[in-house]
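What follows is chain A paired twice: with chain B in the first complex and chain C in the second.
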Partner chain A sequence: MAALLRGLRVGRALRGFGSVVVPKTSSPQCNGLRRGFHCAALRLQEDKDKSIPVPPSSAASSTTTYHEHYRAPPSKNNTATYMHEAPAPEAAASEAAAKEAPQPNTSYADQSGEQGEEYETEEQLQAHILNAALDFVQLHGWTLEAISAGAETLGLSAASSGMFQNGAGDLVLHFIAQCNAQLTEQMAEQHNQVQLGQAEPKKTAEFLRDAVETRLRMLMPYIDNWPQAMSILLLPHNIPDSLKHLSTLVDDIWYYAGDRSTDLNWYTKRAALTGIYNTTELVMIQDSSEDFQDTWNFLENRIQDIVNMAGAAKQVASTGEAVAQGLMGAAVTLKNLTGINQRR
Partner chain B sequence: MAASIRLLARRIVRDASRTINSSVSGRIVSSSCPSNLSACRCFSDGAADKSTHFGFETVSEGEKAERVYKVFESVAPKYDVMNDAMSLGVHRLWKDMLLHVMNPQPGICLLDVAGGTGDISFRFLDYVRSQQERVARRTARANQTPSWQEISTSYTTPTEGIEMETEARESRAVVCDINKEMLKVGKQKAESMGISSGLSWVVGDAEELPFDDDQFDVYTIAFGIRNVTHIDLALQEAVRVLKPGGRFMCLEFSKVTNPLLARLYDAYSFQMIPVLGEVIAGDWKSYQYLVESIRKFPDQETFKQMIEDAGLFSVRYHNLTGGVVALHSGFKL
Partner chain C sequence: MQRAVFAHIALHDWTHVFSPLRIRQCCLKHRALPVQLSSRAYSVIPPPRDEAEKALLHSMLRVDHAGEYGANRIYAGQMAVLGRSQIGPLIQEMWDQEKKHLAKFNEILAENRVRPTLLLPLWNVAGFLLGAGTALLGKEGAMACTVAVEESISEHYNSQIRALMEEDPDRYVELLKLIKEFRDDEMEHHDTGLEHDAESLPGYKLLKSAIQLGCTAAIFVSQRL
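Entry: the complex of A and B
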């Protein structure tokens, strides 16, 4: 049985596989960053088309052996060519490569030829899996099943969801990081346009309202499961990360709104916006009006409150000053009247 | 021509004894390793070329495979009893931990190498089935309280009644072991537990698995890899038979980190375990081999490096019971 399989594999080897070039110059410590994911990349490129995946080379150690994932049609050629399990089958590889004309060069061992690579690191592959998993959130919720389903659409086994040690938390954090990045991009774009003079600068209140509305609109496709996501974000081991995302979001919004304060205002403004954002999110979850109109009204009102409060605070300050000055004046008058001030 | 003769010779050798064959093929690879690309391979007869360790002894590689086979042949009937006695039942927790970390989704194919008596596979099937039951219960409960929208849509669409997502995904577990005695014990256990579907038993060598490429979602090897003559070959075979995205998991005895615990553990291993072996199973030497082979196995970091060298990514390990057992996991990406 094992012999038969070996024979088949030998046959495939004869058909030629992708180049398995052992680099003479590569460092023996290639890991992590330099490892490409040829299988995954190709699968992604070819859109789940079951065409030929190229065997990935293993790490650049000098005892590399070949991997045969090449799904050539099984050959009936059982001639007893010895199976080369040796390292650096350069002779065979070069012959095979010569026959393999249309095969893209995805051997990542080839230092310069990483063109076929879209995902060069584990992080990128994980990000891609999580993106694919977002499509399944409506079906499975924010769970590992969604991640497994996403991995399967990429042609990976469902077991690869084990890569995410935080499970659903990874998915949710990835999603909000993505949304925040999108928002920041849009705000930067608007800012550029204002700089170029192509657009009118918005007033602060309006800008804040638009920014928060844009950000919350990104939740709309997932709003049915969003309570689950919020509860995941509140788990103790996720709190540091979710707080970090929230604070950078609020900071970015204020920065693009034009806030450059360096005093206590910095804190008060961000605290206020955090409060607005969180409460609006909560309102949005249970909102059943058309296009979430109630939520936007709520947001408008809250921002008005803040603006009013800011105005009121200024008035109180100036009133306070005026009152203080008045009192001082009254005290001096009294002193004059009673003659204390006069030098005898 | 020479190659065909070589193949013929190999077939003859294999007919004689499977284990000797595996050691021969292993030896061929290792002898060709030192970057020499000569097309002609020296096929020296007599498996007495390279030596390796068998416990604290040094033996030739061919001999090691044979002796390991004999060890497990003799311990097979009392294997589970001895596991409980030696680890005071903790091995069940270790295996449960393996399943917990694996967290298999329904529909997954498991290959349990050196699975012998089938502990991991039984747990796997239990886990998957209970998960499926839980999902089924959840959908049933969700269907009991439909929202108004769902009711209204069910009026408009031609209703097929309450639809449960029929998961046509059956999980499978394949137990592979080089030793027929261990598989026999496992099969008897399966019969007594009443598990009939989703489980198959295959005789095979971890260094040369009788499976095609890209077959399995998860490959586990629990307390077996230290008995393999060429660990790197076993790792390469694991990479071969795993699907892309598949997971390799290895549960194995490893180095204890805490020095006090290490001393206690050493004392227990060398004083108690062979005695238990003699008393319960009537076999001192096998259990002496057991504890010695644990000492010879590389430590957590070295083994992690070996796994990465074989081509697996995202390799991590967890120490269980203070390092007595380590659970390594890697992905084929």
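Entry: the complex of A and C
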């Protein structure tokens, strides 16, 4: 609490100074090291020595101020929780760090080649933390521990996981949103290729099978913990979001498969694919065959079922029509025979 | 001036002549008003700026689609009963116009990935029953039904036009044009119905209010579901 107030005061003072631009080069030691507290501590020491650069435009300052409000407490918490360095230089260093708060610009950002990414919105920060947390899911499961571990990798305090109101739910939802986005990107790319004539359009059944298989393969690294994730998604407060993700996924797959229906088929197709996806997912989590071959066989069979059903439905409709016409013809013949028609 | 330009183009390869870009350039050169060359030159609704606008536009298109679908089925019902009578060709003509409207909305829905309303099977059956039922009351019944339904639909289109004009008439210029055109067609059907003795049906006022109440309820539900 005191740390929070200190952070606020620092933030307010800094608004006078404007804010800081991240120094371009980072410590060579940090690049090599496994990210950890030492890396952050080293940076803190360095920044203390560097001069404060020119303040940027006022537009950025508000987000930065927010960022600093956020950043200042963790650096204070770091000093409290991890007493690896002497407290005095640490406090001074963290003051400096708070002044140049956007700085523990993490090794993740560096390694991806992003140089200019100084200021983060809260959403971007949350996304970074959750991405980092995914690495720890195999170890800790879909839990707040994984999120804390991920936050620590970025040089933030473990208590940053408190930022996530929904806890593990946030992590799982983030993961499935990411997977869906990846799938949609791949399908859009394929679609473009077909439009440009560089690729042959796939048949619907094949396209559906490939799309569902691609999407389920993204679960493979996490398959051991996936039942936990599924149960998290079934919690009442997560159901609206998980349903929304599922419905968007299925709608996207059908759209790129070429469905442009505007009648009840819109609903039946999506319902069918949702059923296929969910059952295949369930089969996958208890599948122990080589490369999940049983799962893909199951998927193939279900899609064949749907195709057969669609074919059967068409046949029933056309038979029905033929029967109706036959009956009408019989009725008119009867009317003619009995002479009713002639009364007109 | 335009002819000269076209003659000039005629000398070149035809595939270039009819490419959309060329045509657009030609039109741009010779149009009196300046036109914004946007990537949405061929779609009726602009790409939505945010979720709220998307929800609004989608619900408008959904209910319009449901309305045209229902009108289609009403005429089908009327034709089933009165198709072979004297009024048959007139009803067929109005039905064909509704079919064109429905085709246009199908196109827009498919293009913009708008979800159709879940109640379409209900409107399918209800529309057919309404059309057939009123047609059983005779030609005046069918015309009275037409008048009531077309009046409801025109009123609905007018309120959509008002809403869009209030929002941003320039942004929705093509959608407004489309809705105005369809509204004018519906008004024409309404007037045709009146011309053909719709009002001489006994109980005309009662039937008309009942049908219009049903239409209002249908519109309300289709916007949400």
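Going forward, the second predicted complex is superposed on the first by the 223 of 344 C-alpha atoms of A that agree within 3 Å, B and C clash if a C-alpha of one lies under 4 Å from a C-alpha of the other, contacts with A are read in each partner's own complex, and residues count from 1 in each chain.
Here is the rule we use: contacts are C-beta pairs under 8 Å (C-beta built on N, C-alpha and C of every residue); 3 or more make two chains touch, one makes a residue touch a chain.
The structure displayed is predicted, hence computed values, not measured ones.
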Partner chain(s) touched by A:Tyr255 [first = chain B, second = chain C, both, neither]: second
Chain B versus chain C as contact partner of A:Glu300, first or second or both or neither: neither
First, second, both or neither for A:Ser161, with chain B first and chain C second: first
First, second, both or neither for A:Ala151, with chain B first and chain C second: first
Greater residue coverage of chain A in the superposed arrangement, chain B or chain C: B
Which superposed partner A:Asp241 touches (first chain B, second chain C, both, neither): neither
Touching partner for A:Leu264 - first (chain B), second (chain C), both, neither: second
Touched partner set for A:Glu122, first chain B, second chain C, both or neither: first
Set of chain A residues, in rising order, touched by both chain B and chain C: none
Contact footprint of chain A on chain B as seen in their complex: 3-4, 6-8, 11, 14, 28-29, 32-33, 35, 37, 39, 41, 101-105, 107-108, 204-205, 208-214, 217-218, 232, 236, 239-240, 242-247, 308-311, 313-314, 316, 329, 331, 333
Complex contacts: residues of chain C adjacent to chain A: 65, 105-106, 109-110, 113, 115-116, 118, 120-121
Footprint of chain B on chain A - complex, ascending: 1-3, 5, 31, 35, 37, 39-40, 43, 53, 56, 58-59, 61-63, 65, 67-69, 79-82, 85-91, 122, 125, 144-145, 148, 151, 154-163, 165
Residues of chain A defined as touching chain C within the complex: 251, 255, 260-264, 266-267
